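A, B, C and D label the chains in the order they appear, each numbered from 1.
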Amino acid sequence: MLIIMKTDATEKQIQHIVQRVEAMGLRAHLSKGEERTIIGAIGDGRPIIKDQFLYLPGVDRIMPITRPFKLASREFSPQDSVFSLDGVEIGGDGVVIIAGPCSVENRSQLIETAHAVKEAGAHALRGGAYKPRTSPYSFQGLGEEGLEILAEARSETGLPIITEVMTTEQIPLICQYADVMQIGARNMQNYSLLHAVGESQHPALLKRGMMATIDELLMSAEYILSHGNRRVMLCERGIRTFENTTRNTTDINAIPVLKSMTHLPVILDPSHATGNWEYVTAIARAAIAAGADGLIVEVHPHPELALSDGGQSLKPERFAELVTQVKAVAQAIGRCVAPSKTHLLAGCVDV
Amino acid sequence: MLIIMKTDATEKQIQHIVQRVEAMGLRAHLSKGEERTIIGAIGDGRPIIKDQFLYLPGVDRIMPITRPFKLASREFSPQDSVFSLDGVEIGGDGVVIIAGPCSVENRSQLIETAHAVKEAGAHALRGGAYKPRTSPYSFQGLGEEGLEILAEARSETGLPIITEVMTTEQIPLICQYADVMQIGARNMQNYSLLHAVGESQHPALLKRGMMATIDELLMSAEYILSHGNRRVMLCERGIRTFENTTRNTTDINAIPVLKSMTHLPVILDPSHATGNWEYVTAIARAAIAAGADGLIVEVHPHPELALSDGGQSLKPERFAELVTQVKAVAQAIGRCVAPSKTHLLAGCVDV
Amino acid sequence: MLIIMKTDATEKQIQHIVQRVEAMGLRAHLSKGEERTIIGAIGDGRPIIKDQFLYLPGVDRIMPITRPFKLASREFSPQDSVFSLDGVEIGGDGVVIIAGPCSVENRSQLIETAHAVKEAGAHALRGGAYKPRTSPYSFQGLGEEGLEILAEARSETGLPIITEVMTTEQIPLICQYADVMQIGARNMQNYSLLHAVGESQHPALLKRGMMATIDELLMSAEYILSHGNRRVMLCERGIRTFENTTRNTTDINAIPVLKSMTHLPVILDPSHATGNWEYVTAIARAAIAAGADGLIVEVHPHPELALSDGGQSLKPERFAELVTQVKAVAQAIGRCVAPSKTHLLAGCVDV
Amino acid sequence: MLIIMKTDATEKQIQHIVQRVEAMGLRAHLSKGEERTIIGAIGDGRPIIKDQFLYLPGVDRIMPITRPFKLASREFSPQDSVFSLDGVEIGGDGVVIIAGPCSVENRSQLIETAHAVKEAGAHALRGGAYKPRTSPYSFQGLGEEGLEILAEARSETGLPIITEVMTTEQIPLICQYADVMQIGARNMQNYSLLHAVGESQHPALLKRGMMATIDELLMSAEYILSHGNRRVMLCERGIRTFENTTRNTTDINAIPVLKSMTHLPVILDPSHATGNWEYVTAIARAAIAAGADGLIVEVHPHPELALSDGGQSLKPERFAELVTQVKAVAQAIGRCVAPSKTHLLAGCVDV
């Protein structure tokens, strides 16, 4: 941490800061410039409360140097984190594709979708049983009944299941039915939930909040990691900006930035990131070209009847086309799409 | 809801939309322009899933007309909502000032602050027992012990208490100790929490998320209202923008906009909205000048030792100065600062 | 400037940076922390090209310490800059109110408005002759004819004139007709224009770009100041954010922040900052309460016929009410509204 | 245009609006919903001043339906606009790559870069002679000397030249030396400049402002097109958001959105869009995968000595690697990189 003094700070004010720094068990390092003095606080600055210095006389600004996260950082773990999801490697060389409807609406809708996405090459099935909805008057999900339908889809297709968790109370039930717990964008800074997901030790997909910086996303991952759960995927799903031709603005820069800053797998959700099925395939291709480790895509057999997110859902045949195009882009950059469950179940090497 | 057709939509596509609209129990109203046709869906559009239309052939865009919230709207309740908090009127003519530390750190810190803010004219005491912190390594609050200290401060000073709730499990305990539950900015779209706060029937202060639109803030209020809890205050606390000389950007426009759109009391938090004690008083004055019904201000006897938000906390003497200035501005626009607890308890009328 | 090295930077890389810093005539100051080394470059860093360091091996980030502007800074000139505009003091104790239509549309519209705003207490008349319009098909202003009408209004009312300049070629003509040249938000970083306005030595009102940081606004002011023109007013007129109930988001924080960072007068445009006449008066009051030195307000005798910005223009009677309210708020914070031209012309000292 | 009336608008107010609409030569079309009435104004709404209605009693909101641009729209010209630049097709099947330094610094720097980028496969050379710089104290470009050096590079390599124009006065000179005039992000709404570029009939590359919506970008293109110049390329170069790990946020969604909304060629500048050479190649690949028609990339032989934008410039060898990767991605999506000048001059067809 650096403490930038005001240009008119007195020697006494500077000495006061130095004493405060040393009283915290850190070394103080003075750098007197032409216009002002800068005091470096040397040692592990993470536990330091930076705001305390902002109030002291003579202080202009505080500049943190150390990133606030540790376990999530690339420095902590230079190797990519890779973990297996029912035989599918997440974060490895192969790109992984998760697909399915926004919400589980009924048995036939989900089972039909599950077969279709598996057929097209998906590695896992998404579907929400508990839905965070902007309006209290909208469909809020089927709850446990939805989880049961997801489990049935898994037993029919062999696809691992990913579904959203909204409260700490839901965790035991969801862990029982689903392979991955999704933490939604609006809950990215629901710290009680992050804490509990950390303790659950169950694989998690953490979506970036629409207002969250990359640093904050990594701090939320740190919550999960610091409670012992190392199987965390990060998901860019678009941020909120002034542009309104699309529902969100895909922060495609976040892909190479995250790959540089963290060892965790990074996937992209082109459905929420655009909010319009017409743009989903183009952005899916871009994500893989930028280096993403996977995609999570909304697919619905009848988008015009969907109870949520119909406008951004692909029909199965368009999703199959997306998979084909993504495969070509993955190969172009020297990667591949991971072997799909179809092939795994058919007896391929590594199940 | 209006369905804007593409310029090249066919008559058959238009008829298909009309049938869909009518099948939903609404009337379809066609308006054929020079370039394109617009179909109005007439009736209560709130339960309609707009996204379903986005996928139909020939459709360009969907434009909602009806605001998605109802109970929170000024149309629903043209009169301002006013409710009493232990004798202090919230949302009435008098401006209300809530003050106190970010976190309850220990007994003496809180009791000292409580006396100081009461002395200066505050109407209620704030203080966090459960703290949502960006870092898992930061001070997370004293929990129930913090609530007990808050209760003690109330019995010593007579000030009603406001404290943050982070999870549904904490609600019964917090209702027991505190007069108002605060829902923090990061939980503004934690719908499970909103639902439970609605059912608790306990007064609530709902903070705007740092990237939430005003419509979304009102939808979150609707969650609480629709579960039967009508005692809801809204709080503007700054939004996230590209500007970085301040922690957040105070959306001062939100004050007159909210007063026009909703009947709920609107208060402003100049501490979070600026992130720097030097700017707090200026923004507090601006809030009242713009028409806010109250303020919530961070005050700490020793900001340089505060465990959180020290940089944006006022010392008690500066807070007293803020109250004096706010009184003058309130009078200038034909309002007043509400009679304080000091005077209420002493039985005064005038102020 | 600080050069933050990567955690794995080698001693050789560090030495290379030190040599580069010294080769630039600065002193290098090393601070070795537990995780990384920081190199301070001591001396006047303004002419240094910071980007050059970003490319050198071992470098993680560059942190500028010195603000990039100098003449515009409060450190350079601790006293407020005050200048007289035809007898009205800008930047002094008295708050100044500039008012008038968005565009000069015709003689009668302008003369009628000029008399009305003078009557209500305005100190200067605004009106655009050259209009930057988003659409090439919109009314683009009357050009020189508009300037002539403005001059006539001045000779009739005694109000100084402020009008927008769009190109360097227009400067001589505008200097001839107007007392203040306005640089619009979309031209805030039109550096050729800023340069020429600096050389003109004519008073200027510089509007903040809708996506410009406060630092950038001050850098644009620096362009004008550094070419010798010291009579510059800054104008906050709302920034672009995700919020869409208002045309822009008034950055009210910018008022105290600018007053702290610069000595230049700071005024606020509540018309553009809200985009809706219903909110203009509330935001005008807030601006003065926050410490602004003045206002620039759009007034039109018949907003429903205005060729531009009708929706955010006040009718003269509402403007008169605004002036009354602003006076009360100015007094509440220990300021006043500057003596108006009416009074000045009626025999006051200095005209 | 739709005029949404307030829920409590009277019949008389509605009739007043109808009369106004008809007085403008449009047809008024009433749609009475359960809560409110909507009035459609049918006819060509582009010349209508929408703001005029906002002020009329009973009006709640105005909703434009027709996009404000016409010549730039896909409806106006369903076929992609393609034009030739010295033998290289812009906007055709082949992806085009423009490369070169941010600024022309001296003869050897530019000539060296020109040969290197041509060698690597670039189709055109970029380089700034007139530089818009945030600081008046920074290098402002070599001016006409820079243009002469660019002309020399063209005659040596055969590469067409693209350089920035900052003022209308510079246009004749730049047209003489350069093949394409670039309008920088900060001048995207410098309407006088757009007008003059339109009249010049010289090919133009229009960069999106960092604060500009896609609609505004297309309106600025409309300025150029409406003055008769049809050879316009659009350039996404990142927008400003709250995220600060990168200089800007690449709006990758803008690629498919623009390809859907307009017939003009769309290119992407990964250098400005990220601000960091480490991320440039990943974003260049993403741009092509998303459907961009080309790239403009900053290349400098010695970024650590560059007078501007060194931190985001690629060294020639890294640029060559970028071209290779971009070729692979282009092929993966069924396109190719356009035949380069090397091959064109040699008489080759396809490569």
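Everything that follows uses one rule, which is that a residue touches a chain if its C-beta (ideal position, glycine included) is under 8 Å from a C-beta of that chain, and two chains touch if they have at least 3 such contacts.
What you are looking at is a predicted structure, and each value in this text was computed from that prediction instead of being measured.
Residue numbering shows that chain C and chain D use the same positions for more than half of their mutual interface. For the pairs B-D and B-C, the larger set of C-beta contacts lies at B-C. Here the CA centre of chain B is 40 Å from the CA centre of chain D. We define each chain's centre as the mean of its Cα atoms; on that basis chain C and chain D are separated by 28 Å. Look at where the CA atoms of chain B average out and do the same for chain C: the two points lie 31 Å apart. Each of residues 211, 240-242, 244 in chain B touches at least two other chains. Looking at the complex, you find that chain C touches chain B at residues 211, 213-215, 238-239, 241-246, 249-257, 260-261, 273-274, 278-279, 282-283, 285-291, 325, 328-329, 331-333.
Of all residues in chain A, only 2, 4, 7-8, 29, 31-36, 38, 40, 42-44, 63, 65-66, 75, 240-242, 244 touch chain C in the complex they form. The part of chain A that touches chain B in the complex is made up of residues 20, 46-47, 49, 51-56, 68-69, 132-139, 166-169, 186-187, 189-192, 195, 209-211, 216, 219, 222-223, 226-227, 240, 276-277, 303-313.
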